[in-house]
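Labels run A, B, C and D following the written order; every chain starts at residue 1.
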Amino acid sequence: MFEITTHPIEAAALGGHMHSSSCGAVVTFEGRVRDHNEGQSVLSLSYEAFEKLAVKEGAKIIEEAAQRFAINKACCVHRIGHLQIGDVAIWVGVCAGHRHAAFQACEYVIEQVKSRVPIWKKEFYEGATSHWIRMNVLSATASERF
Amino acid sequence: MFEITTHPIEAAALGGHMHSSSCGAVVTFEGRVRDHNEGQSVLSLSYEAFEKLAVKEGAKIIEEAAQRFAINKACCVHRIGHLQIGDVAIWVGVCAGHRHAAFQACEYVIEQVKSRVPIWKKEFYEGATSHWIRMNVLSATASERF
Amino acid sequence: MKEITIHYYASLRDLRGCAQETLSTEAESALQLFDELQRDQKLPSNRSHLKLAINDEFQAWETSLRSGDRVAFLPPFAGG
Amino acid sequence: MKEITIHYYASLRDLRGCAQETLSTEAESALQLFDELQRDQKLPSNRSHLKLAINDEFQAWETSLRSGDRVAFLPPFAGG
């Protein structure tokens, strides 16, 4: 299951759903809003998604994880909207018979979601400045123009 | 922090303690009692520890994880006594600035705890039979005697 | 002429100054459409860091366009 | 003669038939003590899968024993 939500992510509640009696291992990942990034102090974040495509691509990733690794279930929820320091932006949970598959699948899901799902992040800094993360690759290209 | 407990492990509560505002990633592992092992249907489990030594060795592993990987905090709790299917036997939580270190440290802790901490597990099966896990290596040795 | 709606997200929306626009074009492919739109400098000069979606599916830049298509040029993802 | 207390856990306790015993021995090392105890077949013939602790610390089998030491022979661990 892959989901985009505008509501706070309740990691504890999500974790409670991951269990089945044939599952020996549950691995979870929480990505939280940090108070700094690349040396800059961050006040808050805003996430935006191309929702229809994000949900399709996310579901594909979950399906891939289930095929590649010996797991029982994988689940990922990504929050969008304005988030404060410490808020959970993304949660991934995997349950499996054995631990190594659970670790591998969980890391696979988070890696793939970060690189393939159309979600964007804007950081807000002191002094009312803000910045779309990874936008620099675009402006670098623009400046090369001259 | 490494702890041995006779009480049920509340993964949700433990997870809630893992956060700090400089932490971008929290990875947790729950090892739960499965209803089967190596083809046999398991009814329940019993864990026993050499507690004094277990707590020392566990603390060493947590310290090593903090030195080897760029993490903020690692924590492990192992339950002992009689456990039912689905009960959490071990919980590991790691928080870090970045996800890869959190995954690595979490898997390191569980691997090391399994191989180095003096804890033993007895499985109970249908028909009132039971078996100390990994005892077979000892009996194999005993039978080689003849 | 084809009627195409183009959606912009995140940094591209800021750069373009709008979230979507609809226009008539003779562009055969998404690639030609991008080049046409890029001329006013309100899109990056280089599309190597962008991805493309047509009707809510990822597509290759060479995909031909049909009237009514919804096109989105997507800046680098930064979820998680 | 040294007074040594030996602790048994899990499968070794079952094999030995007790959780601890105290005995007087002339064994110089934990290794010699194990060999002495193993003669009655109530311990595995081979100690390659066992670990050793003296006074709640892991130790090498060659460690010399002193009177009052608490020794534990530890079967293969199976936590987690």
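Criterion: contacts are C-beta pairs under 8 Å (C-beta built on N, C-alpha and C of every residue); 3 or more make two chains touch, one makes a residue touch a chain.
This is a predicted model, so every value here is computed, not measured.
Colleague: Treat touching chains as neighbours: how many steps, at the fewest, connect subunit B to subunit D?
Modeller: 1
Colleague: Average the CA atoms of each chain to get its centre, and name the chain whose centre is farthest from that of subunit A.
Modeller: So the chain farthest away from subunit A turns out to be D.
Colleague: Between subunit B and subunit C, what distance separates the C-alpha centroids? Give it in angstrom.
Modeller: Each chain's C-alpha centroid was found; their separation is 51 Å.
Colleague: Would you mind pulling out the distance in Å between where the CA atoms of subunit A average out and where those of subunit B do?
Modeller: Distance between chain centres, rounded to whole Å: 27 Å.
Colleague: Could you work out how far the Cα centre of subunit A sits from that of subunit C, in whole Å?
Modeller: Result: the chain centres lie 25 Å from each other.
Colleague: Of all residues in subunit C, which are in touch with two or more distinct other chains?
Modeller: Residues 80 of subunit C each touch two or more of the other chains.
Colleague: Residue numbers in subunit A touching 2 or more other chains?
Modeller: Only 31, 99, 110 qualify.
Colleague: Run through the chains and report each pair that touches.
Modeller: Taking the chains two at a time, the touching pairs are A-B, A-C, B-D.
Colleague: Which of the residues in subunit D come into contact with subunit B in the complex?
Modeller: 7, 9-12, 14-15, 44-46, 48-51, 53, 56-58, 72, 74-80
Colleague: What residues on subunit B touch subunit D, complex-wise?
Modeller: 31, 47-50, 52-54, 56-57, 78, 89-90, 110, 113-122, 132-135, 137-139, 141-142, 144-145
Colleague: Show me the residue ranges of subunit A that touch subunit B in the complex, using the header's touch definition.
Modeller: 11-13, 15-16, 19, 21-36, 85-86, 97, 99-100, 102-103, 106-107, 110
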